[in-house]
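Remarks on the structure that follows.
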Amino acid sequence: MINLYLIKIFSYACCITISALGLNLIYGYTGLFSLGHAAFMGMGAYLSALITKSFCQYGYLVYFLAVIFSTIFTFLISYLIAIPILKLKSDYLGIATLGFGIIVKVLLDNSDRIFPQMGGSRGMLGISNFTNLPIAFFSLIFVIIIMKNLISSKFGRSLLAIKEDENAAYALGINVYKQRMLSFALGCAFAGFSGALYAHLYCFLHPSNFDFLRSIDLMLIIVLGGLGSMSGTIIAAFLWVFILEGLRIILPQAILDWRLVIYPLLLILLMLLRPQGLFGNKEILWLKEKI
Amino acid sequence: MTYFLQQLLNGFQLGSVYALISLGYTMIYGIIRLINFAHGDIFMLGAYFGFYFLTRLKLNFLLAILFSMILCAIINIIIEKLAYAPLRKRNVPRINLLITAIGVSFFLENFTSLKIIFGPDYQPYPRPFKIITFNLGNLTISSIQIIVFLITLFLLLLLEYIVKKTKIGLAMRAVAYDKETASLMGINVDNIISLTFAIGAALAGAGGVLYGICYPQIHPFMGVMPGLKAFVAAVLGGIGLISGAVLGSFIIGIVEVFTAAFISSTFRDAIAFAILIIVLLTRPQGLLGKEEGIKL
Amino acid sequence: MLLKIENLNKSFGGLRAVKDFNLVIREGELCGLIGPNGAGKTTVFNLITGFYKPDSGKIIFNNQDITNLLPHEIVRLGISRTFQNIRLFNNLTVFENIIFAFNYQLDYSNISSIFRTKNFREKERVAKEKAYQFLKLFDLEKRASLLAKNLPYGEMRKLEIARALALNPKLLLLDEPSCGMTINETLALMDLIKFIKEKFNLTILIIEHQMRVIMGLCERIVVMDFGEIIAEGSPKEIQNNPKVIAAYLGREYAYH
């Protein structure tokens, strides 16, 4: 029993890590303050679930196609949204993405008016459990490789330049606007991908899984790991999932609620004691070779 | 027509409460560029303090508000000194301050939910004065609305007076404009920042009590949505501007009530953010804000 | 004729920063742009490089109208610049600053980055080689892994110029490169500018305050005041021009 539980948690951690890596690309690397990341997870999750539920007779094949399709769809939608939104300055971008996230949640809450299978605020049930540990894990490895290869190339350099000094980046011939859009859309696509995996892991979706509190959780993870550090993001994501779950296990029933009081206190303490996060902006092991 | 005016009144009522929260957001952002996510939870604390003053201590209504305001101010000063000031001193990037504010927010919400504190359930709120309704033609105005307007108006005028006509207010404006130069002029920037936190909290606390009286159910997470909307209102009006926060709050309050009344109550939350996005895309500095230029 | 500016105008609110500005720069020239502070010199640079949009007028580079192009497009056409207050990537290393400049010239797709194709690996290797060679040329290769912000001031300037050159420009705009330098550093800078003009076959437009640099380097000088050109000519002509003397009120003569 315990083994099954651990496997599920580990797979969940892989999904969260994929999403967090996406946000790390958007904010840690490119400096775009996005507070609506979980909304894109939700898009990927619900869309893929709709597809697999509608074509459940085709088994794993439809699952793979659904995941790929949802990821591409999320990429396109986020690219479109980026066109007007990325013109905003940092804080305003954060507010706009926050607002976008809330709008998506409200839409999901009311989704059953158009697509009754989506369940609206009652949640979507009966999704098949296609995501297992190997799939979750290798998806994570896959994402890590893609991101690492992109970052140690001219794409990653242009993002670093843009984050350091936008005007100098322009003066180096970098199309700042386009690179930002690409980075944003790519990061959101990863979120959509992780959402699609997640939907078929726990087999139940609810709009509150993708509200702005979840977006904030993702933001916390990448800051705690160290902005711009992939290794930091990965380790922070796993720690975050396992510590929160761990607290749920080790705390006696009577003071279980204190879990949610201890967690923010730890957060504040970490901010005071180690503001640059676990890794700062360094990488470890194979991820090290930067440019 | 009467229905329309009736909803307009309701909108003003909601807008008043939002204004009291929104001012704290805008002042704190104006002075240290922090989106204080924990502000909505100060609002929540104000409501709870008011509850205890009204029910346990059976205090007079105005005294309950006053003491709530004072308690909230003190708590916010403590939070500022413990959590934000140390980070500010060390020149950490702004995102860390934001995360700390989020941490404070989560802490306040979950701590308040603990059964030994206030408990997670909805708490019904007392109505500490007689509810009289007046009829203006077909319009019904309740004494609650009048009292909310009057108290809000009083607090707004008080704030306006402090900011525009006192030396402290001048110091606040100076620090918001340029912290370093203000400190070179002999202003104790840290104290001014603490004062701003205190004033913002006091207003939010008053808003909390008023909210409890108008919509008589409070619970530990009640500050989340109103907090967000009040922040949207501040951005809508022009972040950092007091007049902007007030204008934005009334607009958001009225639009929200109208959406619930004329379209559908399920979209009342989304509409505020839809407006936000439209404003940000067309006029990001807000309705009353000035455009910022970039020097190359 | 490499660069032609016709009737350029730019106002900021009520302030006319650039007024009826006309300039022709021939290929291979080393032209100086001088004038008191606030005369509008950097604004002209910003207009040429696309950071500001002119209110009216035209800018033609290499027979192409670049007036309304975006900064990065203009860079790719062959104009690069340095900034008055040095805009290096401070938290990145010297090497990184240079190799970032090679970015737009690398023509592999993002897909090849992901799959690490042969094309990608070859182009990256060549770019890194070129970057090292570049650093060697400017005597900076020993500083390669130093963070840009930790360089001594004179070398920061050198790095910024090197970076601008890595962009393979035909026209180089230098904005007060000797700003903050000692006499010796300034003389070294002048040698550097002469050297790069030769080596890279450049046309250079330089904004400067130090008369030593202007008189020593430039073949032609344009003088601005209050957004307008008040004089144009050889160093000798400019030195004796009464309007120029009036504009400077003799201040700059102290540098002679």
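Going by the order they are written in, the chains are A, B and C; count residues from 1 in each one.
Throughout what follows, a contact is a pair of C-beta atoms (placed from the backbone, for glycine too) under 8 Å apart; a residue touches a chain by one contact, two chains touch by 3 or more.
Treat the numbers as computed from the prediction; the structure is a model and nothing was measured.
Asker: Assuming chain B simply isn't there, give the groups of remaining chains that still touch in a chain of contacts.
Answerer: Connectivity without chain B: one piece.
Asker: Could you tell me which chain lies farthest from chain B when each chain's centre is the average position of its Cα atoms?
Answerer: C
Asker: Mind checking the centre-to-centre distance between chain A and chain C? Centres are C-alpha means, answer in whole Å.
Answerer: The mean C-alpha positions of chain A and chain C differ by 42 Å.
Asker: In whole angstrom, what separates the CA-based centres of chain B and chain C?
Answerer: That pair's centroid distance is 50 Å.
Asker: Need the CA-centroid distance for the pair chain A / chain B, whole Å please.
Answerer: 31
Asker: Using the touch definition from the top, which residues of chain A touch two or more other chains?
Answerer: Where chain A meets two or more other chains at a single residue, that happens at 167.
Asker: Going by the contact rule already set, what residues in chain B reach two or more other chains?
Answerer: 296 - these are the residues of chain B that touch more than one other chain.
Asker: Among the residues of chain C, which ones contact at least 2 other chains?
Answerer: Touching at least two other chains: 51, 83.
Asker: Contact residues on chain A for chain C in the complex?
Answerer: By the definition above, chain A touches chain C via 146, 149-150, 152-155, 157-158, 160-161, 164-165, 167-168, 170-176, 182, 291.
Asker: Within the complex, which stretch of chain C touches chain A?
Answerer: That would be residues 49-51, 70-72, 75-76, 80-81, 83, 87-92, 96, 99-101, 103-106, 108, 110, 113-116, 120, 124, 163-164, 167 of chain C.
Asker: Applying the document's contact rule, which stretches of chain A touch chain B when the two form their complex?
Answerer: Against chain B, the touching part of chain A is residues 33, 84-85, 87-89, 91-92, 94-96, 98-100, 102-103, 106-107, 109-110, 167, 212, 216, 219-220, 223, 227, 257-258, 260-261, 263-265, 267-268, 271-272, 275.
Asker: Chain A touches which residues of chain B in the complex?
Answerer: It is residues 33, 35, 83, 86-87, 90, 92-93, 95-96, 99-100, 102-107, 110-111, 113-115, 228, 231-232, 235, 266-267, 269-270, 273-274, 276-277, 280-281, 284, 296 of chain B that touch chain A.
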